[in-house]
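Starting off with a structure, shown below.
Chains: A, B, C, D and E, in written order; residue numbering restarts at 1 for each.
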Amino acid sequence: MNPVRKRRLIVTLLILGAVAIATGLSVFALQRNMTYLYSPTEVDAGKAPTGGHPFRLGGIVKEGSVHHVPGTLTTDFVITDRFQNIPVTYTGILPDLFRVGQSTITTGTMVDGKFVATKVLAKHDATYMPPQVAQAIAKAKEENRIPKTAQGGGAP
Amino acid sequence: MTTPFAPSAPLLSAHRLAYSRDDEPVFGPLDFSLRPGETVLVEGDNGSGKTTLLRVLAGMLPPGEGEIRFDGRPASRDSRNGRVLWLGHRLGMNESLSARENLDFLAGLYGQRDGASTASVMERVGIEAWLDEPLRTLSAGQKKRVGLARLLLLPGDIWLLDEPYANLDRHGIDLVNALIAAHCNTGGAALVTSHGAVRFADPNARHIHLDA
Amino acid sequence: MVTAVQPIANSTPVAPTTDQRSSGTLRACAALLRRDFTLAWRRRGELFLPLLYAVIVAALFPFALGPDPELLGRIAGGVLLVIVVLAMLPALESMFRSDLEDGTLEQWLLAPQPLALLALTRVIAHWLTTVLPLIIVMPLLGALLNLPVKVLPVLMLTLLLATPLLVLLGAVLSALAAGARRSGILVALMLLPLAVPVVIFAAGAIAAAQSGMPYVAPLTWLAAALVLAIVLAPLACAAALRIAVEA
Amino acid sequence: MSRSYLPHWMHWLGSPPNFYRFAGALRPWLIAAALVCAAIGLYGGLVLAPPDFRQGDAYRIIFIHVPSAWMSLFIYACMAVTGLVALVWRVKLAEVIAMECAPIGAAFTLITLATGSLWGRPMWGTWWTWGARLTSELVLFFLYLGVIGLYNAFEDRRRGARAASLLALVGIVNLPIVHYSVVWWNTLHQGSTVDWLHLSQSSIAPSMLWPLLVMTLATHLYFFASILGRARTGLLSLEGGKQWVRSLVTETSR
Amino acid sequence: MMQFFAMGGFAMYVWPAYAVFFIVLAWDWFSPALRRRRITRALRGRIARERTRNTRATRAEAPT
């Protein structure tokens, strides 16, 4: 084999080998949980960091759970993933998109079974439509008893 | 001159070789060949493209037009590397290291000529006393001699020497000529640039003249 | 002075034979390693500068943030990671500069060895001489910043995977910048976007270890990237060196 | 040389004077079309399209934000492709185009970051968050800056162009890695709004979709107009010694 | 009309976003034009200088 071909073959084999090894390692890594966002179910199962380590809690603001403490900026609400509920307390200004049924990501720590949030971010989903359409959809859902799905909660 | 090892094709040949920088022609088009045992002297004033020609031949610059061949085959890294020894304006050695360390490193990259050793080539160029001194402490002429020692140590048969006479005294110039002659005697070839101030020893050497 | 025409060494033909050219790829790498180590030893004073820098910066953090051990312990992992990256930067920038200036790179280019392999060898020598000492002093720096003891091994392991990756990337950028007239902050500017994933995964592993979570996944990602970079970065580096020499 | 493998029209267009004339003739049409599209798109987006049921009128930033984000990636791809051509075949025109892509790409990336920030403030409650898309976009911005910086750091502009092209290619390997590495940080950013394979099923109302698409067309047209103009300027400075540039310059002075 | 400019209360976010878009693109459009003018001016100067040098040279040669 002439040296040029031989060298090209070696380089190609090296690249293929590296890609193969890297792919193997990636597959291995993908099988490990690497999320840094915990759902209420995971928190309930004790998978989330404890002992004052901050982590992110993601879920939907439960209907009828939002209470503003009068005279303060403190808000209490419940984050749910429809299986487990975690009570959350937050002091500060809430973003515009924060509302019942909204996907929300909160950062904070667990203190005595309550999540004390230092930051609340509303996750906005990818749906854009005029208000009339939204009303029509909501109405149709109510009439047909379509189960209300979590909006945007599934986005990565 | 013929040697039993001389192949039919020239070691190095250029065909309509030209180079332009920013669309200003630097040299060429040139046609020449370098056969075993031959020395070609490239002459020309400053800025006539002597160094550029050598850099193109050494593959450090892409040829603008034309073709370079080694042993009759189009030049490629494989046909070129290891055969071409380059001595340029820059020494190609680290000044913090001694001549021995530098030469040993280069011998590691290129391999060694049969029978040559770091000490013997340093002796040949007459500065064996400076073998273990950092190059920083050597004079310009002595550094040049270390560069010449490299040519003797490494097994390339095509020497591309850019201004090898610079910084050398009369003895040094004689030494360069003697080394080139010995190299050509053993089937090697050399392409040497000079701005014309030095008379080349070999009266049979062919000349390429570059105009600025 | 000898002026007579006399044969050099023996009168063996100088036309290189195949074994002369293909043999010794390993020998070439060893020669380069030996040369770089010798050079590093000659300039051993300079090798302490990154270490000194790292210690000074680490010592500044308690002054800036207050000596609260808990706070320091919480941020120590990330802080040390950033300190290592910053301490590596100056040496990365000049990885090929002196070799370009004294013409050694021209000799590399004409040598019958793959340039990419020489570049990889240079990366290894660089990592061993300038980065490994930084990793070795990590326990000391960790103690300064009250890094939890259980995090220290993970931090060291992370750095063992992340720093070679950064040196490989840095070698490409350093080779690219070597031919430029002024590099200044250029290498840092170019390194930032390329280093983002490395830092993210390294920090992820450290943070996970700190909060008692599994840290294998980010380390595996780093290993995967390292394997790819070991093959691809030297090729890119060789291409960059060819551009740098083409002056 | 391997240049002869290129098709004939590419060969013709690769010659600087030909390209200069061609680009000069095409550019006014492109910019006119871009302006018309922008006018239609903006009228549709700002006036005709109804407010969003949840975000009200704030969502109207989408009509510039999303096309700019697409452009920032599209231009990077253009830069990398022309950069590859420049590296492999050393075509001067490809070098010029690759290098002139960088400032336009940086401009669109800057717009994306700024408008995204202005959109994020009322909607997410923060100017900036280290989410996947935002971080990737920021990294992209720095990549553009690196390419521009490296190009300008070289005395010899052709050598600089090839070095910067190599950096652009290294960057294109890196971009997906950056993206996926920051994804698991988890993100506040929404998923893709427009499903290109099933346009009718996109989760955006048609009255809002068409201005978005028209604006996308406008930004593409603008990019082509701008790159032609920039490449013309680049060639002019690179070929200053050539006869065609000299006659051109003296002609316009009269 | 006022309602249009109010943008449903989001005017302070929407209009600056559009302003950024147009200002940055205007910069992108006009900066090469400026560079172009600089280049042509420099080139014209160079050509003019060369021309005078040539005529001077021919004039100097003429008497001999």
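The rule we apply is simple: a contact is a pair of C-beta atoms (placed from the backbone, for glycine too) under 8 Å apart; a residue touches a chain by one contact, two chains touch by 3 or more.
Note that the coordinates shown come from a computational prediction; the quantities given were computed from them, not determined experimentally.
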Report summary line: Sorted by label, the chains bordering both chain D and chain E are none
Requested in this report: Could you work out how many touching-chain steps separate chain C from chain D at minimum?
Outcome: 1
Query - By number of C-beta contact pairs, the top two chains - result: B-C
Requested in this report: If we define chain centres by averaging CA atoms, which chain lands farthest from chain A? Would you check?
Outcome: B
Report summary line: Cα centre of chain B to Cα centre of chain C, whole Å, reads 34
Query raised in the report: Using CA atom averages as chain centres, what separation in Å is found between chain A and chain B?
Result: 67
Report task. Calculate how many whole Å lie between the centre of chain A and the centre of chain C, each centre taken as the average of the chain's C-alpha atoms. Result -> 37
Query raised in the report: Hey, how far is the Cα centre of chain C from the one of chain E, in Å?
Result: 43
Query raised in the report: Considering chain B alone, which of its residues make contact with at least two other chains?
Result: 62
Report task. Two or more other chains in contact with one residue: find those residues in chain C. Result -> 204, 221, 225, 232, 246
Query - Pairs of chains, among all present, that meet the touch criterion - result: A-B, A-C, A-D, B-C, B-D, C-D, D-E
Query raised in the report: Touching chain A in the complex: which residues of chain C?
Result: 22, 114, 116, 204, 207, 210-214, 216-218, 220-221, 223-225, 227-228, 230-232, 235
Report task. Write out the stretch or stretches of chain C touching chain D in their complex. Result -> 172-173, 176-177, 179-183, 186, 189-190, 192-194, 196-197, 200-201, 204, 221, 225, 232, 236, 239-240, 243-244, 246-247
Report summary line: Within the complex, chain C is touched by chain B residues 3, 5, 58-62, 80-86, 88-97, 101-102, 104-111, 113-116, 120, 124, 126, 134, 152, 155-157, 171, 174-175, 177-179, 181-183, 185-188
Query raised in the report: Can you list the chain A residues touching chain C in their complex?
Result: 3, 7, 11, 14-15, 17-19, 21-23, 25-26, 28-30, 32-34, 36, 49, 51, 53, 55
Query raised in the report: Along chain D, where are the residues that touch chain E in the complex?
Result: 46-47, 51, 56-58, 60-61, 64-65, 68, 100, 103-104, 107, 110-111, 114-115, 118-119, 121-122, 222, 226, 229-230, 232-233, 236-237, 240, 245-246, 249-250, 252-253
